[in-house]
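Each structure below is given as structure tokens.
Paired with chain B in one complex and with chain C in the other, chain A is shared by the two complexes that follow.
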Partner chain A sequence: MKALATAKIIPLLLLLAAWQAASATGLLPKSVLPSFWDVAASLAGMLRSGEIVPHTLASFGRAGAGFFAAVIGGVTLGLLMARIPVIERAVEPILLLIYPVPKPAMIPLFMIWLGIGDFSKIAVIALACLLPVVVATFNGARSVDNLLLWSARARGTPERRLLWRVVLPAALPQIAAGVRTAIAIAIIVLVSSEFISAEKGLGYLIFAYGGVGANDAMLAVVIYLAALGYLLDRCYLAGLRRLMSWHAFAH
Partner chain B sequence: MCYGNGAEEVKALESIDLAIEEHEFVTIVGPSGCGKSTLLYLVGGFLRPTSGSLCLRGRPITGPGPDRGIVFQRYSLFPWLTVRGNIGYGLAEKGMPRAERNRIVDEHVRLVHLQGFENRYPRELSGGMQQRVALAQTLACGPDILLMDEPFGALDAQTRRILQDEVRRIWRRDIKTVLFVTHDVEEAVALGTRIVVLTARPGRVKEVLERDFDVTDGEEFEANPAFSAFKLRIWRSVKEEVEGALG
Partner chain C sequence: MHLLTRIIPIALLLAAWELVARVGWVNPNVFPPVTEIVLRWLVLFIDGRIYGPLWDTLWRALVGLAAAIAVGVPLGLLMGRARWAEWFFAPLFSFGFPLPKIALIPLYVHWFGLFSLSKVMLIFTDCLFPMVLFSYHGARGLSPVYLWSAQSRGTGRVRMLWRVVLPLSLASIYDGVQVAVVVAILVAVVCEMVSGGGGLGELMIRSYRYGDVRTAFAMLVTISLIGYALYKVAQWLRGRLLHWHVAEA
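Right after this comes the complex of A and B.
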């Protein structure tokens, strides 16, 4: 297990080494891409000085607020759609229409509605995260085995309690997969939303460093975001395996 | 009893007239697709007949109820509940206090020999163990009538034999009425005091046979000539239907 985990990191190390070698030999000019070493040094500096911390907190506050709103709203909406045909018919065309729209393109409109502060950013993040959660919940709730519903009814569960006792738990594995997608989307949309108007946040930082040509610092923030996103995903999966040990998750 | 509508309509059952006495163990055999399970789902109240009616103790069946417990072929356990949670499900739904529930669950865990597996999840159990849990889950609700839909059809021969003995033992001890659907003629004879043979689709009652000898638990019924003759008699009846269905 440990050897396998170590082996997995080798391609990444090779890529970084190739990057550094290309920069050092002049094959990759600094004007095109700063060297890995410069980026790493820049990141180390930001972490040491602590300047990245308030930006991280601001960003994850927004992403978290949008994400949790989307999970609560998405699960509720998905369950309602799966159980009540009228709601499905009413909501489905709207969702299908919103689905292909690049959510960051909605930011200017949301700013007019909600102001240029945090609310418009949170709303865009929530909207973007909502879709995978709704779709996963709807599919999960729809594909509940009839035998489980029959089984519950035969053992005394009344119709109105089936949702809580059977449909929701049976749909949880699929909901969990939708939520995982939403985590990644939250980070993507977060950064775009902070490009447009923000005084704080990791997206703002990337935009600000890029604007003054500090490419090493800009890339340092990108790598920092990637690492945080990866860690978040790992933690989520680990938590899921613990809390939902009854389900055999694919690795 | 019909499924679907228009051109896709399938007639699953036709003019079924069957009365079942209390404390009987009735097995229903017939070729695949003859509507055996449909008949059971009608009694369970999961399906409504398109024509005709079903009565239980003189009252029409309008839906599922805890007086009728059902064991499905498989995949009917709640995957998110442990063995303990699954067996206690019906009791918890009734609002039974935890202490009393635990006592009944423990009793049923012992009944189906699953001591030591109380805290396992269904996916961690073999098919045979899962069906034991399903049986215990159903029995714990204290039904008067046990409906079994090919409950051992997916199990290997040895496990099936052991579980058949357990079901017979439980039926004898609790004197519950059992309605047991199977495609396995030997199983039908080994368990049923009365055997109903259905025709190929649309299923009708072809014949009803009383078993006039006893089968004891753990008996090597292969050695019993009466058993073999009776089994052959029913097998021929079923075979006629299978061949008829194949044209």
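Right after this comes the complex of A and C.
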């Protein structure tokens, strides 16, 4: 497993080495693309001076707030939809209506409604993350093995308890996949919204450095953001594996 | 009957919205009634203001998507059938797939300018990932029986990719197109919102700056309809072109 992971990193390292070599030999002019070394040095400088920290906190505060609101709301809504027909009939058409709307395109409207501050960004992120979580929860809760429900009912579990103690745990693998999609979406919407309006945050930093032609610093933030997104995804998967080791899907 | 039960919740929601806005509980310049948005939407089509931006967004998205298909499908198929290509490209593409390519807008503007080229290139880049990955998975999962029988009849390597692997991978490739078509519109609109240069995204951000909520809403409706229509067209094409497809391949 470990050897496999190392082998997968080789192409990425080769690519970075080729980039550095092309810059060093002058094949790739620095006005077009700064060398990898310059970008890395710039990133190291930003990390050492702590300049990037408040921007990271601002960005991840927004993304985190929207994301967690979406997970809590989405799981609740998905479960209710799966078990209570009236709610399904009322909510499903509305979800179908919002589904094809490209969520970042709602940023201007949310800025009109909620101002250009954090609120509008958090709301768009929450809405964008909500849909995959609701759909995954709904599908997961729908496909719960009836045997589980029957045996719980036979043991006298009340309906409300059934939802939290039987349906939710059984639907967890699908919910987990929906949440993973939501993490990626949160970052995309975050960056889009910070490009459009922000005075703090990683998206703002990328845009500001790009605007003054500081390409090495701009790329440093892009790579930093990508690395954070990747780490987040890895941590999520690792945490999931640990949390769900009891679940059938882990075996 | 089924359709009716689906329409009722939406109709109720829209009616409540209309009522709240008409009664004056909310500022109609912030949250305009539905009818006014629909009216503005119609006006934009009648006075012709929307056609230019609509065309800009549409052709950028489609050109970027077409380029991504043209490059991504051969690359994905190659990765599915050639070990060295899989070894090199598969980790790169699966690593890059979830990353926000949107963050490259300033770099692409620096490379390709403020206008259409930078947008088309970013759409191409973003769509390339689903196209490559879906083609790759399609080509990798082929039943070797087809390949053996073609091989035994003396089919060459390039011809094999073109005449055997491509047709058998089409179902997966079309799944990729359906993902990419949505991505293309999304990236086109975000690029236009961020760096201007015409298109529905720019029109939307401009109407936001002028505080023109009705036009902004009409834009959102238009963008969503285009995305939905393109998705449906891709689905329809898939049905038309793949009716012969062997399901188990």
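Operating definition for what follows: the second predicted complex is superposed on the first by the 244 of 251 C-alpha atoms of A that agree within 3 Å, B and C clash if a C-alpha of one lies under 4 Å from a C-alpha of the other, contacts with A are read in each partner's own complex, and residues count from 1 in each chain.
Methods note: a residue touches a chain if its C-beta (ideal position, glycine included) is under 8 Å from a C-beta of that chain, and two chains touch if they have at least 3 such contacts.
Quantities reported herein were computed from a predicted structural model and do not represent experimental measurements.
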| item | value |
| --- | --- |
| If touched residues of chain A are counted for chain B and for chain C, the larger one | C |
| Partner chain(s) touched by A:Arg160 [first = chain B, second = chain C, both, neither] | neither |
| Partner chain in contact with A:Glu92 - chain B first, chain C second, else both or neither | second |
| Contacts of A:Arg48 with chain B and chain C, given as first, second, both or neither | neither |
| Touched partner set for A:Met106, first chain B, second chain C, both or neither | second |
| Partner chain in contact with A:Ala184 - chain B first, chain C second, else both or neither | second |
| Chain B versus chain C as contact partner of A:Ser245, first or second or both or neither | first |
| Contacts on chain A seen with chain B and repeated with chain C across the two complexes | none |
| Touching residues on chain A, where the partner in the complex is chain C | 7-9, 11-12, 14-15, 32, 89-94, 96-97, 100-102, 104-109, 111-113, 184, 187-188, 190-192, 195-196, 203, 206-207, 209-211, 213, 215, 218-219, 222, 225-226, 229-230, 233 |
| List of chain B residues in touch with chain A within their complex | 44, 46, 63-66, 68-70, 72, 75-82, 89-90, 93-94, 121-123, 137-138, 141 |
| For the chain C and chain A complex, residues of the former touching the latter | 5-10, 13, 30-31, 87-89, 91-92, 95, 98-100, 102-107, 109-111, 182, 185-186, 189-190, 193-194, 201, 204-205, 207-208, 211, 213, 216-217, 219-220, 223-224, 227-228, 231 |
| Chain A to chain B touching residues, read off their complex | 145, 147-148, 150-157, 161, 165-166, 169-170, 172, 244-248 |
